[in-house]
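In the two assemblies presented below, chain A is common to both, partnered first by chain B and then by chain C.
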Partner chain A sequence: MSTTLRPAAASRPAGEPPRGRAARRTPAHQIRRRLTPYGFLSPTGVLLIILMATPIIMVVWYSFMDGVITSDNPAFVGFDNYLEVLANPVFYTAVRNTFVFTGISVVAHFTIGLAFALMLNSPLLGDRTKGLFRALYVLPWLFTVAIVAVLWRLLLNPNGVVNYIFGSLGLTDGQTEWLANPSSALLAVTFINIWAGYPFFMISLLAGLQGIPRDLYEAARVDGAGAWQQFRNITIPQLRPIIISMALLDLIWTSQQFPLIWMTTGGGPINATEVLSTFTYKLAFTSYDFSLASAAAVIVLLLSMVLAFFYVRHQKGRD
Partner chain B sequence: MAVTTAPTGRPDIDLRTPPPQRGKKAALLAALVVGACFSSLPVLWMLSSSFKPNPEIFASPPRLVSETFSLDAYVAILTDTVKLRFFANSYIIALSVTVLTLTVSVLAAYAFSRYDFRGKKTINVVIISVQAVPPITLLIPYFGLVVALRLYNTYPGLILTYMVFTLPYAIIMMTGYFNTLPRELDEAVKVDGAGPMTALWRILVPISVPGLVSVGVYTFMIAWNEFLFALTLTRTEDMRTVPIGIQLLMGQHSYEWNEMMAMSILGCVPVLVLFLLFQRFFIGGMTAGAVKV
Partner chain C sequence: MSNGAQIRRTLVAGLGVSALAVVAGCGSDGSAQSDGGDVVLEFSQWWEPELPDGYFRGLMDQFEEENPGITVELLSGPYASTKEQVVAGAAAGTMSDVVGLDGAWVNDFAGQGSIADLSAVMEEVGYDTSNLASEVQVDGSTYMIPVVNFVYPMFTNDDLLAAAGVDGPPQTRGEFADAAEKISALDESTHGWVLPLSLEAPNGVQNDVMSWVWASGGSMLSDGQPALTGNPDVADGAQFVKDLWDAGVVAPGAFTMKEQDKVEEFTNGRVGMMIDSLAHVNTLRDSNPDLSFSVSALPAEDGYTGERGIPYASWGIGIAENSEHKAEAFKLIEFLMSEGPNADLSEAAHAFPGNTESVPDFVEGDEVFSAAFEIYQDGYPANEFVGLPVAEQLMRDLGEEFQKALDGQQTVDEALAAAQEKWEAKF
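Let's turn to the complex of A and B:
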């Protein structure tokens, strides 16, 4: 990529005078040319200052004040809000739940996404068969989270079809309150998130698989490598950059998941599915304590920035 | 072999396939069907429930096709002006976000793709990392800002804030697309005395339609699906979008499951249509953006 990013001027040997009409370039022209890219970037810059820089400064400032938004003259309280958040046992429940929810989701997204991508990429299948199954496998990804949430509330209802199937197979008594029972709620929302999210992995891995040169496999076959060896020594190393990118993006996004949990369990029962985003949201818009919520929001931001650091480093390394 | 099975398209066993391969293929198809059940049966159930009268939603044993097939749920949604307003709001907001995002991102992508300038790497890193900032962190100051700017409960309030999600991705994807186009194209116009704006809008943009489509579709989807900001930055029923409308249905009186499912089906129509129309662009563009920044 870096090769195509070089400026046009750089491709001309140094010292050689520019040809054609460009020859009448004066210093004013050069300054204008140097400023042009900033001109093109200015709408983005303005938007990022309004939508990103300002809010982050504001939320950090809020987190050191007491009674922001709700009170007319908030007082500076230093780290009190942070101490209060860190002393709240629900915060630690939310951290633990976020880790469980995110960890299981990402591993399952990867496993299912890779398995489906490998099946769809099999040379044993005709193009039509592939197209049909690919469309079916992408389906969950086409529904907004709000739809996914109501759909699974219907399916997992105590009188719903999942309980009917489990009950008639004799696996449960057929009356499980999947989302309302503290012992199953977190796993149930995680399962829903797995269902909704694996296609993103699958599509990217499928594109990656199609980009692996066939002669690599042929060479391996000539050397007597079996299917498993080909998978371990060709497929996985070739997909590694995609896998790392997707895993980091998925970690970032899943750890920030809000609507799915909000619409299925609301963080309950008894905080069983409370994650950092629902915890923060409730502080702000249920308790109207925007100062405490800001402190929690800054903590969430710092955790995300750790992941972002690895993501940026990985992306830059690939250029 | 793929060629021999492709025209029929039936997932059956090709007799010309050598015997050991045939066993493998049968196993593969069995696995594919199991996977398809996992991915699609819930969706099928949603579709079937939307055609049931509400009392039959939890009928035991469950029936995929109800005896009393009815379109009542769809009629109820489509004749209710409040719910139609949810759809109108979602379309207005998502389309505005798409147009604005495309315009701003094309300009930025042009700078990234065609110029070298001081601070380029830093700006690039900022744009990549902006994608990782949690929406919940932005929500609290946005609430303060939007109220202060009198944009609370308005279209511009949502349109503006949605751009924080759509813009970074769009810039990265568009830059990637422009990088695939030879620079001689726009340099040629510039040698003839035209400015960079002409080069961009007259030369690059017209030949970038596939890139614009995939960025546009993706942007539309993000805006159409957004939940958290729509929930918090609007208040009255006439400003609510489809995802919030679905949630409101869930809170209202008794659960009208059939109506919720019908609204969900209607709510995924635009995304489904876009996906079917632009599948190839879409998957290609999405992976290009997500995978090689």
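Let's turn to the complex of A and C:
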């Protein structure tokens, strides 16, 4: 059975004036009615303008000036700050490190997150075991970045637990300087970031896995599909929207990671772990060159916007 | 409109107004006038958390009692966050009336015009500066007054030295290298010296590298300009550290090690010698009561007989240029620099007073502090980074190049030349 609702005006004979509440719809009332939604949105709008739009516009403006904040009369210098940032070899080291750090982190977050999510969704494990593993696996996500940094600095200390275990097992000489050696530092901070971030993927993918209809797997089994074929042809396609969303968000977040790197290595040793965020921070807060820092920040913003564009397009595609 | 709808709209309007009030509140400036007409001074510093609980507030209460009509509101946080707060306040013009300063920040804030010229304020109120141990000046004007000074002598682990067959704390670089080698030979996990070179907090360059130069009367500046090249004192000091590194006597992890890691290594008896702040004496005693240690002057070049420079760090104080209560703010500075309160503060902080007349009790009652005070008086406080532009970045620049030299990517001379080039661009 279907019901069709028709507008009240349609049931009124033509030419007859509106009655009741409709009779009060004067032009002023209609304007007020149109403006009401904007009134409701205005607190959010004001906050967005003050907290989001204004700082971004100011930073973009700063990037075209020389000596902002530290000088009373900053001068307009056009793209000079951008040229100076782009001429700095450390900037390219930071870009390369950011790509390595972000790329490895996102792939590892996805792989480990998916593996653990599949395990937690497996019918082979009892509910209690699953609950225990779920609590254990989600643990790294519960620590703040400062705790993660301090924890791993202690663990990876030359006299720390990791070296003791590896040394005892004969895997290393037990004296490895994981964070202080230029050749291992980037991989070490990437490893810490992977450890701290995989639960985000795991939880999201687990929710996705639990939403896949069971009958799809039953039908596949009836058709003779093995575990790998089910995984490739049902699990992955069903999870694809979540995987793409998570991957894009993780790319954006990880490429902007600052506190973990700052608190573990400070961008060193030498420039081994210098990433775009630490590069920009140093320009602003140790060189007090807020103009150059703004130019670097705008470059980072543009790079992030490319990722954000794909994310928004993907989300729109889903809708 | 129904009552429910009216309530909802009122709530939404209330939320909107609250949001605006919150946003507007973010823009208020640092000083305030209370309802009663009293002046409220904001004082941001990192000192309170480093002093015994309630001590600094008590000192402020004493100031308030002696100066009716002035109230002090303390904004306290760790050193790093205070620095960021001060930088942000300087940029936004919302700096607290009175600010705790590090000598490394002064040049930049003075150039920016965010801290007040204290010479002018002192002249205005007729303040006698003869009792001040030091003043940090930029272009001849005082911008910071060191309230208390923390010196950085050499700490030696007496038990490790004895076990290694070293008679006493080394006095010369040669003796130091020899002692470091003997201590490192004790076992695999013990090292002679610890060198923190983290680039996050690069003050190791100042306290643990350049201090070798100052201890032998050298300087990294010439006429106020960088002189890292063509300077035998700096070259010898840097090469000495490189030689220690190559000899394998430096504790591992140096490139990301911070000051607190250095203290931890020494506390746990894993290193025989370190250059560190006197402020950590109680930390060492509390963390490891069995640790037997002593302090002595930094070893100088073999054959050097002149006065030895001893690195120091200060809790400095200044006034914000945007403060509307500069006279009241200076009263607070005057109070902190007066003989009694300055001695008290030095006592609580285990630091040396900024007032030459103040003598804290701990200097006479404790063997370690007494020795340190003697070293302090025999030598001279040396920290050439104080008052330099972007001082922290200068340390980081040299730190990066020096790390490359230690890593074998370049020679010490190349590192100094590269750092000199970076420094010159910043002067």
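Please note the rule applied: the second predicted complex is superposed on the first by the 286 of 319 C-alpha atoms of A that agree within 3 Å, B and C clash if a C-alpha of one lies under 4 Å from a C-alpha of the other, contacts with A are read in each partner's own complex, and residues count from 1 in each chain.
Following the convention adopted for this analysis, contacts are C-beta pairs under 8 Å (C-beta built on N, C-alpha and C of every residue); 3 or more make two chains touch, one makes a residue touch a chain.
Fair warning: this is a prediction, and the values are worked out from it, not measured in the lab.
When the shared chain is aligned, no partner comes close enough to touch A:Arg214: not chain B, not chain C.
After overlaying the two complexes on the shared chain, residue contacts for A:Lys282 are found with chain C alone; chain B is out of touch. In the superposition on chain A, contact of A:Leu47 is made with both chain B and chain C. Looking at the shared chain after the overlay, A:Thr265 reaches chain C, while chain B stays out of its contact range. Contacts of A:Arg128 after superposition: chain B is touched, whereas chain C is not reached. Look at A:Asn159: by the touch rule set out above, it reaches both chain B and chain C.
By the touch criterion defined above, A:Ile69 lies against chain B and chain C together after alignment on the C-alpha atoms of chain A.
When the shared chain is aligned, chain C comes close enough to touch A:Leu179, but chain B does not.
Chain A is touched at more residues by one of its partners, and among chain B and chain C that partner is B. Within chain A, the residues touched by chain B in the first complex and by chain C in the second are 40, 43, 47, 50-51, 69, 153, 157, 159, 262-263, 285, 290.
Taken in their complex, chain B has these residues touching chain A: 1-2, 5-6, 8-9, 11, 17, 21, 24-25, 28-29, 31-32, 35-36, 38-40, 42-43, 45-46, 49, 57-58, 60-62, 103-105, 107-108, 110-117, 120, 123, 125-145, 160-161, 163-164, 167, 171, 179, 183, 187, 191-193, 196, 224-225, 227-228, 231-232, 242-244, 246-247, 249-250, 257, 260-261, 264, 267-268, 271-272, 275, 283-284, 286-287, 290-293. The part of chain A that touches chain B in the complex is made up of residues 1, 4-8, 10, 20-22, 34, 36-38, 40-41, 43-44, 47-48, 50-52, 54-56, 58-59, 62, 68-69, 115-116, 119-120, 122-129, 132-133, 136-140, 142-147, 150-155, 157, 159-161, 164, 195, 199-200, 203-204, 207-208, 241-242, 245-246, 249, 252, 255-256, 258-259, 262-263, 276-277, 280-281, 284-285, 290, 293-294, 297-298, 300-301, 304-305, 307-309, 311-312, 315-316, 318-319. Against chain A, in their complex, chain C makes its touches with residues 12, 15-16, 19-20, 23, 83-84, 87, 90-91, 108, 111-113, 188-189, 197-202, 251-257, 261, 270, 390, 392-393, 396, 399-400, 403-404, 407, 409, 426.
On the side of chain A, the complex with chain C involves touching residues 39-40, 42-43, 46-47, 50-51, 69-72, 153, 157-159, 175, 177, 179-182, 185, 262-271, 282, 285-288, 290.
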